[in-house]
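For reference, chains read A, B and C in written order, and residue numbers begin at 1 within each chain.
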């Protein structure tokens, strides 16, 4: 059987800087009819450029310098541009990562889909409208007849991606290229979109080239998998083969660096260093510098393809019958060297309470009307209560827009809370003067999500780290007060020690943030927070912008710091596997309120609230035959400006009852700490004494 | 949406009051009416009587803000501020030095001003957008490169040279149209051709380059890639997708100047002898007719503020995101 | 013996010295910070930008020479106390002494030996003829101008240009030696590298500009001692001299205006964006109100009032130069008042964006004071906007001066500027035969100044704000596509051209 898409020795370069970047360097792959082929890799490995090369839609600085791309035997690179246009959108369609940016903001959805029909089928007028409606119904846009005349900004993120899919389907393509189609979406929405794609593929029999960094998505979707590293494919296999026995050291490391419950009491495997810049020339294996098994041959000779079993090929000397046969048996088959254990310090968790938040509310006024009157409030945080013990970790889990970041900022008083109390070590923080608050600021610090905007690009690392120390007058030694000279040299020593502590050489303190990678920046941000000797760190999605191998480095660091310094963490995240790995207790947030709370085992192992259940079931798992049933949630997160009456979750809840529409449920206890707010469980008699949240209704 | 527009209109009131206060300060506080009289009558040989007469003729012989000599409301109304500044809100601009009513002059001179400014505006917009589109279409080629070079060169020439050069070439050397002047009715057209052409050319460099930047910025957005991924030809991508989005900043940027077209152009009108508001202003500046300059400042601000309101309205018309909010 | 001159520091002189100090301090600071140097390196890589800078350097040098003012001593017998002339001169005036003092009777064309108008001349025998009289200075050394003039002009021009070229050659060798020492390479290979454009800074573009300027300058200098190379104006003053004098006026308007408004725009813009709330409302109200008055009208009104003030207070100025200078300064201030609102709005917007950045949130979490956040986090991160605005505004302000002077609200009529030159010259366009040279030389000098300023501004904008690339990148790309068409890399459907029509 002939492959549908055959790429041979594709070379794509980007002329961005002084030296050309070889984004795709000799890539070969084939995709069969009706097959889902996953191209897996971390950021910057060239997978998006591969997709754009197939479409011949590279950015202006890009250029295909060699190779061939055939679809059904026809070489796309030899086609004149006009003929290529007949391929785009017709034989090959593409959907992109950011549905918000990929749709034209000033054209209606029907117009945008209609123009595909007009272009490729010459369909106009009523017939076109009819077909648009059909396709929109197919991709599950509710009330499509009315919504097709709307503009993209009137759709939610998940709905926009459905519209993108509809647009791609309109040409009835043989191949759909999906470039990180769900990365910008929440897990419950991701599950919906992946379902839709699977469903459509079964119906239409098109092939899918799925580009992703997420092993979970690959496990759910793919039939074939190719792992890309530094511009080339290093391993190809069927899904079963790949998840059963990944061969390439890089692939194996990727699996090992995934956080999870079963790795709680150990450090995660990390891939040292980072992806090499593609502007450089490679001599040997591109992964050699970061590989635990590399030997001389790897650094001098680039490995060719070796077959592990039929249909499973790998580009590694370990599997090369001639060169690495000896090592093949010794190193290749042995289990991953166990990562060094991190001294677990469960004793650090004491019952003494460090932070107690009671009924925290952060409401943002909505101004409307002629005189900009306050017409209502966005209830970003609407009565959240939580406690964190010294040295403990509480994970705050929820989808985007649920208010979890606002909780963190409200606790730190970066946003003044509307109501409620935040007691740190017995001291009430709400309502403190700026000056009084400053005295306590050293105790609690924050680490942000985006390592690129969390460091001032115009300051040296030493100035960044010393900023907090200077502002808060942190001194290691009180005697130094009188000797300025001594104090500054002590401060210098402290900066060195901090950088070493987070795994950076002290010399880096003279450099500027732009010289560091994302993971290194996050280390610097951690060092900055540690500089003032805090006891509580609020980590606001600190790893969600990082690749999985770098994420492992940061998680290891955080765990190690907790063990040695006795830090308490409020870990704000949407990533369940990180929670499993790191947290002691979990609070699940939905629309400004905590709906379920308990220890990690209780909440993740035995979720009680229907939202928690749905959230957990939507997370793609890396198992070959998952015995789980995905609970489909319908619709999107409602606006916090106008939350549904009664239980906020009832419009999406599969178990909704009449009472859910009327009153917000009180707290039901399942163990000493496991509680949930749901009418499915016996309601407490007197809610007001137990949980302030319940008292409202 | 209606609320939004009404709110913008209400916001214009304090701004107009602010403008009024600024002009009052400039014209009556920085220099007293006595200073102005002395200046106009000649510094050396000026008698106090002449100054008093000059002030009386213009109604400047009153206290600035508060008239202690009067009772009741007249305490405030019989002042320079009330009669000269506050009165402008009722379009009472007083009389010019030659005794004519300024409001009447303005009314009769608006049309000739508009007769040049409007064609320049419309033709210019059309021409600049066209050129910018051509350059964006041929981006990263020599067409684009030399187009930008030409724009920068055109930008570097003073508008005075465009006018002088145009008059010299077209009128004096080739005798195609009269060098200056103005006539009523259709007769006006032969006088208008040259100023309009020169007006369009002198604005070409900066505007074309600006529009080109807008187009290119728009073309680098993700939705353009989506449109290309549908297999649409580049011309449709440009006209249907890019142009529609780029028109939002271009149109709204253009709308703000529409009311100001009534003011005409200062230099063009005086060079071509067109009896519009521009040449009126320039004559007033040269003869130091303070009342006229003051009136024009107020009128200019009023028209600009109307332009701002029109901009807000035009946003709601061209951008569905604002219209449907 | 007392001094031969008395130094005079006019207001604008003082401010220019201040500006020079600020620029020098800025250069010193940037040189010490690698990350601040990086965008300037990118400016250095732009061929058009560097060529424009070369031209600008000459303009700036002339402007600075024209800024050092003094009053020369006047010879007076019998009085022991030294008396100084009321006339304020500059270094440029001294250097261009022959141009300044050799005043003809009235108009004369460039390189002319005769006046432009017939005059009745009394013959020794008592008769009268009407003819074009010989000029007092222009071509006065010639016996028979009708025959000798062309040859003499050509010869002098050639000699001057050759001297300029010689000077250029010396510069090339010096530069080559300097670069060769830096790179530890030979002189000849370095020179060839410059020629090929293989150096990091496009020295070939700089040197090409330089050879043009130096040759022209050499020829002009050689000729200007014996001719009025751009003719003379109505009162017989040399137009070349006027053009040189106009440069300082243009530079002062273009730079000091920005210097005047910068503190306001920075302070108010950042405060509005950072503090928001009522501070923002007040500042927005102020700049909306100011910007709602059409610029020319506000300037006209303010300048009119300034005129009244200066006329009624003549005792404030001891020399004509001081008076003209103060008027120039006021013009800068007024232009500044009308032009700060745009920058203020930009800065407010940028600060609004910056204050939500996570590093500023982190600073809040450390309890860092507002003042420190503004000075350490916000100010350094908006400086590129200030820089871009400054260089972009420059050419617009130079052009505005000409228009304002035409309208009658520009510089003092006694001050030589492009505006006053054009204003005086345009009246003569109607003359038969036409007097065109004053206008043309004003046009030429102004065009060269504004064009190079525009090109340099483009290079700066490209380097500091890569998002809004104008054309350097494109030019670079054009070169690249040619280069990559080498035989070994087989061009397969150059993807870059995909989006272009075939």
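Simple rule for what comes next: contacts are C-beta pairs under 8 Å (C-beta built on N, C-alpha and C of every residue); 3 or more make two chains touch, one makes a residue touch a chain.
Since this is a predicted model, take the numbers as computed values, not measurements.
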item	value
Winner on C-beta contact pairs when B-C is weighed against A-B	B-C
Of all other chains, the one whose Cα centre sits farthest from chain B	A
Cα-centroid distance, chain A relative to chain B, in whole angstrom	52
Separation of mean Cα positions, chain C and chain B [Å, integer]	28
Residue list for chain C, restricted to those that touch at least two other chains	477, 496, 499-501
Residue list for chain B, restricted to those that touch at least two other chains	139-140, 228
Two or more partner chains touched - positions in chain A	57, 60, 82
Residues of chain C touching chain A in the complex	34-36, 357-359, 361-369, 372, 376-377, 380-381, 477, 480, 484, 489-502
Residues of chain A defined as touching chain C within the complex	12, 15, 53, 56-58, 60-68, 76-82, 84, 409, 412, 414, 434, 437-438, 441, 445-446, 448-450, 453-459, 464, 467-468, 471-472, 512, 514, 525, 528-529, 532
Complex contact set, residues of chain B against chain C	14-15, 18-19, 22-23, 26-27, 30-31, 35-36, 38-39, 43, 137-142, 144-145, 148-149, 152-153, 155-161, 164, 167-168, 172, 209, 213, 217, 228, 234-235, 260, 263, 266-267, 281-282, 285-286, 288, 290, 293-294, 296-297, 300-301, 304-305, 308
Contact footprint of chain A on chain B as seen in their complex	3, 6-7, 10, 139-140, 221-223, 225-233, 236, 240-241, 244-245, 248, 318-321, 324
Chain B contact footprint on chain C (complex, rising order)	285-286, 288-290, 292-294, 296-298, 300-302, 304-305, 307-309, 311-312, 314, 395, 399, 402-403, 406-409, 418, 422, 426, 429, 439, 443, 446-447, 450-451, 453-455, 458, 467-468, 470-471, 474-475, 477-478, 496, 499-501
